[in-house]
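Consider the two complexes below, in which chain A is the common component and chain B and chain C are the respective partners.
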Partner chain A sequence: MKKILLMGNPNVGKSVFFNRLTGANVIESNYPGTTVDYTKGYMKGDSEDFEIIDVPGTFSLEAKDKAEEVAVKMLEEEKGALVICVIDASKIERGLYLCLEIIERGYSVVMALNMWDVAEDKNVQIDIEKLKNILNIPVVPTVAISGKGFKEVVLSIKKAASVGVKEIMERVGETK
Partner chain B sequence: MTLTADERWDLIEKISNKVVTFGKFKHTLKDALGELTVKPLTGIPIAITVLYGFWSVFSSFAGTLCTDGFFVKLFDGHFLPWIQSVFPGVGGWFYYIFVGDPAADNCFEAFGVLTSGLFVAIGVVLPAIFIFYLMMALLEDVGYMPRLAVLVDTIFHRIGLHGYAIVPSILALGCNVPAVTATRILETKKQRFIMMTLLAIFIPCGAQLGIMQEVIPESIGIVLLYLIFGYFIFGFILNKLVPGKSPEILIDVPPYQKPMWNNIARKLRMRLGGFLKTAVPFVLLGCVIVNILYLAGTIDWLAKTLTPLLTGWFGVPGETVGPLIAAFLRKDLAVAQLSTIEMSKYQMITSVVLVSIYFPCIATFVMLLKEGWKNLIGSFAVLVTVIFLYGGLINLIWSLLGVQ
Partner chain C sequence: MEKKLSEMNYEEEGRVGSIKQDLKNKVAGMGIRVGKNLKMITKHPLRGPIVVEVDGAHTSLALSIADRIIVEVKK
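== the complex of A and B ==
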């Protein structure tokens, strides 16, 4: 069964994602560090089933605490896994840092720009189409707590493929 | 191909310049509330109000409404007399274990599995856990916890931790077991060791709080003060003694959020389910074991042997040996049992503090073991020292005040 890792910075809504995708029950809270160990669950896709793993939040792949160590170890152990990178849309830069690190290591990534509503509140506008073109990976705006964008995330899983960081650098130069 | 951190940040800047536009920042009500609750001048009074509100709802809902208003009447008025009359074999050991004292007129004193065991688990602790977790889920989901962390940061630095230590500390007030796992958010081994040791020793769990406010409502404040002082005094000492680093951290404060009721309901269900499945059997088993030890005469023998120590050093009656044994399994049961032993108010306070700081309950012990046996041995050494020093100190305070 294909594995999907849910990764991202702390407190961006990975556990809410996990519960929605799998129908499982993991504790969700509005503070960073709720998930300190990984949880597995299963999701039915339209053509195949997936095993989904809720990974503790981390800012980078250089672990700073025990919960981050768990995250990095998970990623290293699941070489063939697909990664749904959950990003706080209102703090996109730090999310991109982790996301790029994961892309550089050759994983197929789907990017979920979560907390889209919070970003709107803060008047942060993101050009999804441009971001998609630069990164060449699926990018989906989501609001995990209300369920917005989930269908599209699930549909995008098929489209995700490993991309080269060099190409990303080239494309960003060409984009206006 | 992989990038260096600088190259990566450089690329991110380029990407974000192309795709992100930051509009004018609107100062919303949420932001204003957020600032009011982290600035010390307004934040500290708000924090005190929130915590006081938490406590008063906790004690009036669990204690006054559920336990005294309903379960005491149900158990003592109807269930106890009924089971005392229908259970066969009065005077036999089987009756003693399951129903307890046939002359008892309340469920604390009977001390049988089906009387005290059920009453403590369902009548006292369940409502306490319910209201505690309901309010905690609210605080968690609204996003108040990280703000509390910012406020208490300075104090926690004195004991080698930082503001974020408030998260495992408050979780421990519900149950020490998930709190031990939550210490993983602390960065260094030193911090995790200090946190685990302090919470296992000084933080009473929800079950224990529930029973304490039922059996010693007039002295619970003093017991909690002793525990809080102990937490900081020994935290301060551990910070000096334990080698290692206590780094600074930057805390991410998330925006306030409207709580989602289905999420709160789900969390509540999971945590209560966990309590019913893991804690209740231990309460009942604790009753069985303690009753067997009484029947076998082990507790009387231990009480006699340990009386010089218990009375001489801690100033409490030798009979407290029974509750101390029960405390291995469940602290709520131990406190319930203490309440039936005859002693002065001050001896009671000392014994309840002793039961609290003494050995963690078996479930917490297993969790500590999972996080590493070296830590566990260290925590254990601290624990033994703390009991003798702190227990002796409390007794000394009472003697100096002349209230023993």
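== the complex of A and C ==
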């Protein structure tokens, strides 16, 4: 069964995401670091089933504490896994940092710009098409607590592929 | 004027001037890099952590880390 890792900064809604995808009932609370261990679940895709792993939040792949160590170790152990990178759209920069680190290590990534509603409230404008073109990965705006964008996330899983950082850098140069 | 991030006053704004080399990667993932604009939000008592605003998001840092980041304060 293909594995999917849910990764992202602390407190961006990974566990709510997990519950949405698997129908599980993981405890959510509005504090960073609520998930220090990991949770596993299963999801039915349209053609195949997936094992979903809710990874603790981390700011980068250079671990600074226990929860981050777990996160980095899990990523390293699951070489063939697909990663859904959950980003707080209202704090997109930090999320992109981690996401790029994951892409750099060769993983297939789907980017979920979660808390899209919060970003809209804060007047944060994100050009999704441009992000997609530069990164060449699926980018989906989502609201985990309401379920917005989840269908598209599941449909995007098939389209995710490993991309080269060098090519991304070249495309960044072109759009400048 | 340059000062340590830990010495900034409430509401004071500044631009990150330098970060100690071994700390650079550690804080980069939290959005703190050389050239970034910061605003001091809170300093907790008893040498507790500080909270700064970077790119519209709040980030807290241990005082020992804030001591090693130099900020060019806006007048």
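Everything that follows uses one rule, which is that the second predicted complex is superposed on the first by the 175 of 176 C-alpha atoms of A that agree within 3 Å, B and C clash if a C-alpha of one lies under 4 Å from a C-alpha of the other, contacts with A are read in each partner's own complex, and residues count from 1 in each chain.
We adopt the following convention: a contact is a pair of C-beta atoms (placed from the backbone, for glycine too) under 8 Å apart; a residue touches a chain by one contact, two chains touch by 3 or more.
Here the structure is a predicted model, which means the values were calculated and not measured.
Student: Examine A:V124 and indicate which partner it touches, taking first as chain B and second as chain C; both and neither are also allowed.
Tutor: It touches chain B and chain C both.
Student: After superposition on the shared chain, which partner residues are touched by A:K64: those of chain B (first), chain C (second), both, or neither?
Tutor: It touches chain B and chain C both.
Student: Output check: A:E93 vs chain B and chain C. Expected answer is one of first, second, both, neither. What do you get?
Tutor: It touches chain B and chain C both.
Student: Quick one: name whichever of chain B and chain C touches more residues of chain A.
Tutor: Counting contacted residues of chain A, the larger count belongs to B.
Student: Contact-wise, after the overlay, does A:G164 reach chain B, chain C, both or neither (first, second, both, neither)?
Tutor: First partner only.
Student: Between chain B (first) and chain C (second), which, if any, makes contact with A:I134: first, second, both or neither?
Tutor: It touches chain B, and chain C stays clear.
Student: Show which residues of chain A both chain B and chain C reach, each in its own complex.
Tutor: Comparing the two interfaces on chain A, one with chain B and one with chain C, the shared residues are 64, 93, 97, 122, 124.
Student: Would you tell me which residues of chain B are touching chain A in their complex?
Tutor: Per the stated touch rule, the residues are 1-3, 8-9, 11-16, 18-26, 28, 30, 137, 140-143, 145-146, 164, 167, 181-182, 184-187, 192, 251-252, 254-255, 257, 260, 263, 266-267, 270.
Student: Which bits of chain A are touching chain C when the two form their complex?
Tutor: Listed in rising order, the residues of chain A that touch chain C are 9, 58-60, 62, 64, 88, 90-91, 93-94, 97-98, 122, 124.
Student: Where on chain A does chain B make contact in their complex?
Tutor: 10-11, 16, 19, 25, 27-34, 36-37, 56, 64-67, 70, 92-93, 96-97, 100-101, 104-105, 118, 121-127, 130-131, 134-135, 145, 164-166, 168-169, 172-173, 175-176
Student: Flag every residue of chain C that touches chain A in the complex, lowest number first.
Tutor: 25-26, 28-31, 55-57
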